[in-house]
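Dropping the structures in below, format is structure tokens.
Across the two complexes that follow, chain A remains constant while its partner is chain B and subsequently chain C.
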Partner chain A sequence: MNTYAYLLSGITLLPVLGVIILILWKKATKTQAAILGIISESCALIIPIILLSELRAGRSVVFSLPWIPNMGISFSLELNWLSLIFLITEVLVTLAAMIYSLGDKDGEKRSHYYYALLLLFSLGMSGTTLADDVFLFYIFWELMLIASCLLIISWGHGENRLRVALKYFIITHIGSLMVLVCLILLYVNFGTASLSALTVQAASLPAQTQVFMIIFFLIGFCIKMAIFPVHLWLPDAHTVAPMPVTIILAAAMLSMGTYGVLRFPVALFSLEAMQPFALWMMIAGLISEVYGALMALAEKDIKRIIAYSSVSQMGYILFGLGSLTHDGMVGSIMHVIYHAIVKALLFMVVGILLAAAHERNIDKIGGLAKKMPVITVCAAIGVLGISGMPPLGIFNSEWMIFAGGFDSGFPIVLTVITLLGSILTVIYSLRFFGKIFFGDTKPEKVDTNISKALLISTVAVTVFLIIEGLTPGPLLTWSELGLVSILGGLP
Partner chain B sequence: MEGNIAVILPIAILMGGAFTIYVLTRALRLSNKIEALLAILVLAGALAALLNLVQPLIDLTNINDLFYGIRQPGGILFYPNIVGVYIGGIACFICLFICAYSGEYLSRDPRYLLFYPLILLTIAGLVSMFFAADIFHLFLMAELTTITGSALIAFRFTKEEAVKAGFKYLVMSSLGTMTMMLGIYYIYRGTGSLYLTEIASMTNDFTRIGAACFLVGFSIKAGVVPLHTWVPDVYHHAPSAVSGLFAGITSKSMLFIMPMIILQLGMTAQELGLYLMVFASFNMLVGVIRMLTQQQLRRFLSYSSIAQTGYLMFTLGIGFYYQLPSAYAAGLYLLSIIAFMKCLAFLTAGNYEYRFGTGDINQLMGANRLVPLNAFAFSTALAGLSGIPLLAGFTGKWLIFAAALTAGDAFAIAGLVVFLVCTVIGSIGYLPMLVKQYQRSRANLKSLEKNQLTVTSTLWIGVPVVVLTLIVIVTGVFPTPWINLIENVVRLVAAV
Partner chain C sequence: MTDPSSIILLLLMGIPLLFGGVFVFLGQTTLRRFFYVLLAIHSAGLLSLLMLGDHDFSTTLVFFNEAITFSITATPTILFILCLAGLWLLAWQHRLPLAFFPARVHAIFISVALSAGCLAFYSGQFMMRYIALEVVGLLVALTAIVSFANLIPFGVIFLILRLGDLSMLAAILILYQPARTLDINTMITQAAQMPFNSQAWVLAGFLFAVIVKVALFPMGGWLQIARENKQFITIWISAILMPAMGYYLLYRIAPIFQYQSVFQIVTLVLASAMLLAIMLVSYLRVIPFSPFMLLNGVLSAMAILLAAYLIPDLLALYLFIALAARIVLLYQERVQVSLPPLGSALLLLALNTAFLLAGCQQLPMPAIIAWMALTVLASAWLYLMGKRDLTAKTLQQVLVHPEERLPLTLFTYEIAAWLYHQLEIGVFHDGLVKVRDGFLQAADWVYTNIEGGMEKIWTKLGSGLIRISKSALRQEEQVSHKANEGIQTALRSIDKQEIQAAAKEIRWDLIWIPVVLVVILVYLMMG
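After this line comes the complex of A and B, so read on.
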């Protein structure tokens, strides 16, 4: 192993170090704990940037240590283009959420534990994207769930947070177990837990086993993506969780489901093996898109509106993946990133609105444009972004997803409905924006004194969204390289 | 008497130690702590004696060369085997913690004098059952564990529930041993012999009836549904240390003695595997479903224990039904980690009761503020039992999955589905139980503070709890040495 390999291990080890320090540093103030968390998370961002040169040279970076040799399990991490995209997205979202949390009231009590759990949550996601061993993958996959669940239970809002956390845990755990069955099936069949080795061998499994595994993988990961009808955990969990956690849940954790679909059924089996499921994936994506948008329209709770919009947006992603075409799949990868940025921004705005107006009902908030001009601009860019307005990013990804849909060979009516369904997104976005910022109903009291941390992080994400939208070139290249890294060539 | 004295040494140390400790404590009026220390010394000696048998068992070319006893009709014979040594070793090891813990935990019980000798006799009975070469000797040792077990369960005889639980165990367990007795009658009638090696070579319908009787007998002692009715009462009302011992190792090890006897009586491995797999489903479902409604920590753990017995039966069932040594190894691994996790769970639950006088989780809300270490240890045990990654239970879960998927047919997959469902239902039970200790409730906290029976915990309770917690964590993160050990045990079993 070379220096780069050891550096790669730092992405998982440095946050662990941060967690240990935070657990021991009981007297840390919220600011101190947050800064430590931000430093640890920054390391997880800097390292992949350093390692980028290796990827550009056409080499993936691998770190491997034997762990349970008699079971063929090792602590193996691999950074390739696909994991890089998801890793950087997740780390950036966590960083933004941590900076945002400095101005947020959540987590003021037992801050050291709060930030330790945030780091563990992020570590779960980083590890999931980097793991090159199925045993390790599952450990990080569950770590992500456990940390987020504890955050909801301990710092969530409302008396029913335990019930909500339990619901979240149970539903997503069912998905995890389905994934686990497949992982162990792979392990049992080939006697190795190495994902790289399995990627080479998995296609040799009997067709029936492949079908079984693809179904289980898809359901398991769709639960994480919150695709209708297995989305039931999402609205409540997003509503009850403290805002920084909601941001990470919506903007980063959902994307882990997409990563799972790409890394397992798509990468392990041939596209021919996936073909029988393509139409079902597209239909599920379409239903999820429309259902999420309709629910967002029907909701009055501003946090739940944005939560349901995630169900809708994940629908686009699944639709693109289901097309099994170059454009559709690359579009889906790009959509993950754009969605992460937009969703982080919208939840940040919602957090600020909740802090300012102390009101969640959209019918009771209005006319905030004059009182909060900067936030109004940020929200406007956010809703335009999620509506797919050019030149903001989601326009690019949706374009590719729809192109993939038309190119998939399935009846074009499917893609047409999906395209038309995006009008619903525009409607709920504009309703959200119009009512809150230009509506007539004015809340009794509006606290316009917004914390700098909230403002800076929100504005920064807004600027980032604009830049990403205006310069889609690098992201497109990375997404294509990501797809090549798992498929070995473009479909 | 002939043979190698080393064979009988662990049992002799335990039995002799029990007698000596009783006499010494009575004569010299030793304190509870001193008696606990003496029991620890005896257990350490027995553990060393058991370990001393490992090398001879490895070196042995003919298993019949290593024995102790009287090789004549009617004589008692001991044949050590590696599974017995392994499980006996685990039992002694667990009891080290139980005795240390009881050094403080029993400080309010005036009858501590009897406690440690009874524990030692229970372990002696258990090891003897593994080493028994004849079925009558096996029956006697099963009776010994029944009697000592009943006495331990009804240890706090001033409490009506404890006496009832002890009586219930006595009745149920005696029913088990009586069924074994009936089995012995049939076997003796069919073969004219009581020695397992002789019986194995002349099995017939009578021995098969005997095997069925032994199957029922062991099932009662292991708590197999529907013969499990003693389990919740016993684990709830016995002293927590005793519950830890029974739930952790004593009852579950019956599932390992069972095949050693029954397979020599004419029952096939497939039949035994089928029985274990079918009834495992009942155990898993009854355990996890009944677990959900419990508010009392120890009653909750009792039902969880019934489910864990089911997991163990399922794994062993796969091993026998499909002739998979890896599943048998998984079973041994599962037994070991359940022993540690269950013992830790009962010891920490007992500590709550010792400290606050209640085991009701709703009354213990916020208890982590007063006993953070205990809360952490209890959480670790529960998280481990629910199979959370990086704790011992997860590797066990992985091995169960692997065993079922290796078997691969519809029957194993159906069992795996039940296991999966039970895992999910189980987490619905574990999570609230785990979280409630950390939930803030000012009223509760004040009440707990006010009603504390003792304010500080001593090292007698602290050390066993901390060490067991570390074992659960370390075994989860680095299971390799343990898995290596078990693979060696299974290799030796296969060689014999």
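After this line comes the complex of A and C, so read on.
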């Protein structure tokens, strides 16, 4: 193992170190705990950027230590182009959420535990994207769930947070168990837990086993993606969770489902083996897109509106993945990233609105544009972004997803409906923006004294959204390389 | 990229954005001066481009791994020059207004529109053109806002234009599959090899986008809403720039009409139907009758007809004249000088007859007959409409006063009324609001019944699981309780036995037995 390999382990070890310090440092104030968390996440962000040179040279970075040698299980991490994209997105979102949390009222009590859990949540996601061992993958996958559940239970809002956390845990755990069944099957069949080795061998499984595993993998990961009808955990969890956790849940954790679909069924089995499921994935994506948008239209709670929009946006991603074409899959990977940025921005705006107006009902908030001009501009950009308005990022990913749909060989009308369904996104986002910022109903009291941490992080994400939209080239290249890294070539 | 035309074009795109940035910091008087400087620079630049001739070039900028290309030709340049002439006219007549938006914001909007216009007219890639159209669409919707308390005009305009954009996007993406490039020329050429079904989708997508962009019946609702805002910037962006972009789109997609004869026939029927519908519904306007909307509709429908049959140069000429006619009519509206009825009718008649003479060799007989019939009908209709001055007359008023009726049967009125109320007003004008309300109702229903139903299922499932757990727990407790009781009873019994045993006296008379056993054991071990 070379220096880069040891550096790679830092992505998982540094947050662990942060967690240990935070648990021991019981007298840490919220700011101190947050700064420690931010430092830890910043390091986790810098490392993959340093390792980028290795990837550019055509070498993936691997770190491996024997863990349970008798069973062939090891602590193996691998950084390739696909994991890099998801890793950077997740770390960036967590970093933005941590900066945002400095101005947020959540996590004032037992701050050291709060940030320790945030770090564990992030570690779960980082580990999931890096794990090159199926058991390690599963451990990180569950760590992500446990940490987020504990955050909701301990710092969530409302009386029913325990109930919501339980619902979130059970539904997503069902998905995790389905994934676990497949992982065990792989291990039993090939006697190795190495994901790299399994990627080479899995296609030799009998066709019926492959079909069974693809179905289980897809359902398992679709639960994490909150695809209709297994999305039920999402609106409640997003609503009850403290705002930084909501940001991470919506912007980063949902993308883990997409990563799972790409890393397991797509990478393990051939695209031919996936072909029988392509149409169903596209239809499920289309239904989710329309259904989520309709729910966002009907919903009155501003936090839940944005939560339902995630169900809709994940529908686009599944649609693109289902097309099994170059454009569709690359578009889906790009959509994950763009969606993460837009969703982080919109939830940040919602958090500020909640803090300012102390009201969640969209019918009771209005006319905030004059009182909060900067937030209005940020929200306008976010709303245009999610509507797929060029030159903002989602436009780039959406058109590639649609291009994939047209290229899939399935009836053109399916993609045309999906494309026209995107008009629903425009309707709910305009309603959201128009009512809150220009509506007639004004809340009784608006506290316009916004914390600098909230404002800076929101503006920074807005600027980042614009920049990413204007320069889609690097992300497109990375996404293509990501697809090559798991498929061995472009479809 | 070092030749003069490419440099001029890039400057034409960059300078307005630069001015837009400067406008933020300028006061009212300086702003006006700078605004005219910008117009002058842009006009000079466009004239230079026209004089320098056709030129294609590629930039170092990349969009989705493809170099961004531009194609400078006379057609878009003349269209853009005409747009700019319209802007000069309108701005000169009104100066920069003190409108709902500050003049500064309006000036910035125009700067962005000029840049986006360059991109739309000269880009060699469809996706770039699409982006420019989306940006201009957003500007149209923004400039239509007259009050933040009422954002419905913004929403409806944005939605209608977005529908057109999405249909165009669908067409572009279908074309993208065989071509694997976003280059317009390659894509259009490749379309010839596509199957009929795909060609039909492409044509339908583009045609719908054109109909929306040029505000042709039945998609003209957005322009009517936008025109309610009397600011010159709104009028220019919505009634001149956006339709000009639509005209140019029509010009670029014209070759697709030629790929199948059935497309030409369908387009002929479609354009004729639209023309007839425009003439009929214009008679029954609830809102004041507008020669602009009528003549715009007639000219645009005829342009579509021409696109299906005519050679590109003649189509371009027709588009220039249609755009010029739009500008003249708009100016005439602004200065409130009414056009003589015979004038507009003769204008159309002369224009279309000249075109027929010029292009009759290329046109098939059905198209010639349809063209002439429609021209005569439209001219006569224009004359009648102008003559009878039906301003603010509703169907009800016309029917109550039979002497004001045009020489048409009541049956025709009914058809026209049906078309107007059901299609233009019912579906496309108020339609989107209704669609939105429909979506809201559907969403409410789904939210209550499906999402609520799933929530109930989940709650029942959860409650069931909890009941099962409680029952299992109770069973476990009972078993545990019983086990404990059993153990306790056993222990008590043992204790009892022990106590009983302890209470008995030791039998000293039997002591010899262990002694003998020990002796035997010692003996065995030694042996």
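The criterion applied here is as follows: the second predicted complex is superposed on the first by the 491 of 491 C-alpha atoms of A that agree within 3 Å, B and C clash if a C-alpha of one lies under 4 Å from a C-alpha of the other, contacts with A are read in each partner's own complex, and residues count from 1 in each chain.
Rule of thumb we're sticking to: contacts are C-beta pairs under 8 Å (C-beta built on N, C-alpha and C of every residue); 3 or more make two chains touch, one makes a residue touch a chain.
Keep in mind it's a predicted model, so treat the numbers as computed, not measured.
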{"item": "Overlay on chain A: chain C relative to chain B, clash or fit", "value": "clash"}
{"item": "Which of chain B and chain C A:446 touches, first, second, both or neither", "value": "neither"}
{"item": "Which of chain B and chain C A:180 touches, first, second, both or neither", "value": "first"}
{"item": "First (chain B), second (chain C), both or neither touched by A:143", "value": "first"}
{"item": "Touching partner for A:456 - first (chain B), second (chain C), both, neither", "value": "neither"}
{"item": "Dominant toucher of chain A (residue count), chain B or chain C", "value": "C"}
{"item": "First (chain B), second (chain C), both or neither touched by A:423", "value": "second"}
{"item": "Touching partner for A:391 - first (chain B), second (chain C), both, neither", "value": "second"}
{"item": "Partner chain in contact with A:70 - chain B first, chain C second, else both or neither", "value": "first"}
{"item": "Against chain C, colliding segment of chain B, chosen among 150-158, 186-194, 348-356 or 366-374", "value": "150-158"}
{"item": "Doubly contacted chain A residues - partners chain C and chain B", "value": "166, 170"}
{"item": "Residue numbers on chain B that touch chain A, as the complex places them", "value": "388-390, 394-395, 398, 401-402, 405-406, 416, 420, 423-424, 427-428, 431-432, 435, 438-439, 478-480, 483-484, 487"}
{"item": "Parts of chain C lying in touch with chain A, wherever the complex brings them together", "value": "62-65, 127, 130-131, 134-135, 138, 148-149, 151, 154-155, 158-159, 162-163, 166, 169-170, 173-174, 176-177, 197-198, 201, 436, 439-440, 442-444, 446-447, 451, 454-455, 458, 462"}
{"item": "Of all residues in chain A, those that touch chain B in their complex", "value": "67-71, 135, 138-139, 142-143, 146, 149, 153-154, 162, 165-166, 169-170, 173-174, 177, 180-181, 184-185, 187-188"}
{"item": "Chain A residues touching chain C - in the complex, by the definition given at the top", "value": "166-167, 170, 229, 232, 291, 294-299, 369, 384, 389-391, 395-396, 399-400, 402-403, 405-407, 412, 415-416, 419-420, 422-424, 426-427, 430, 434, 438, 440, 472-473, 476-477"}
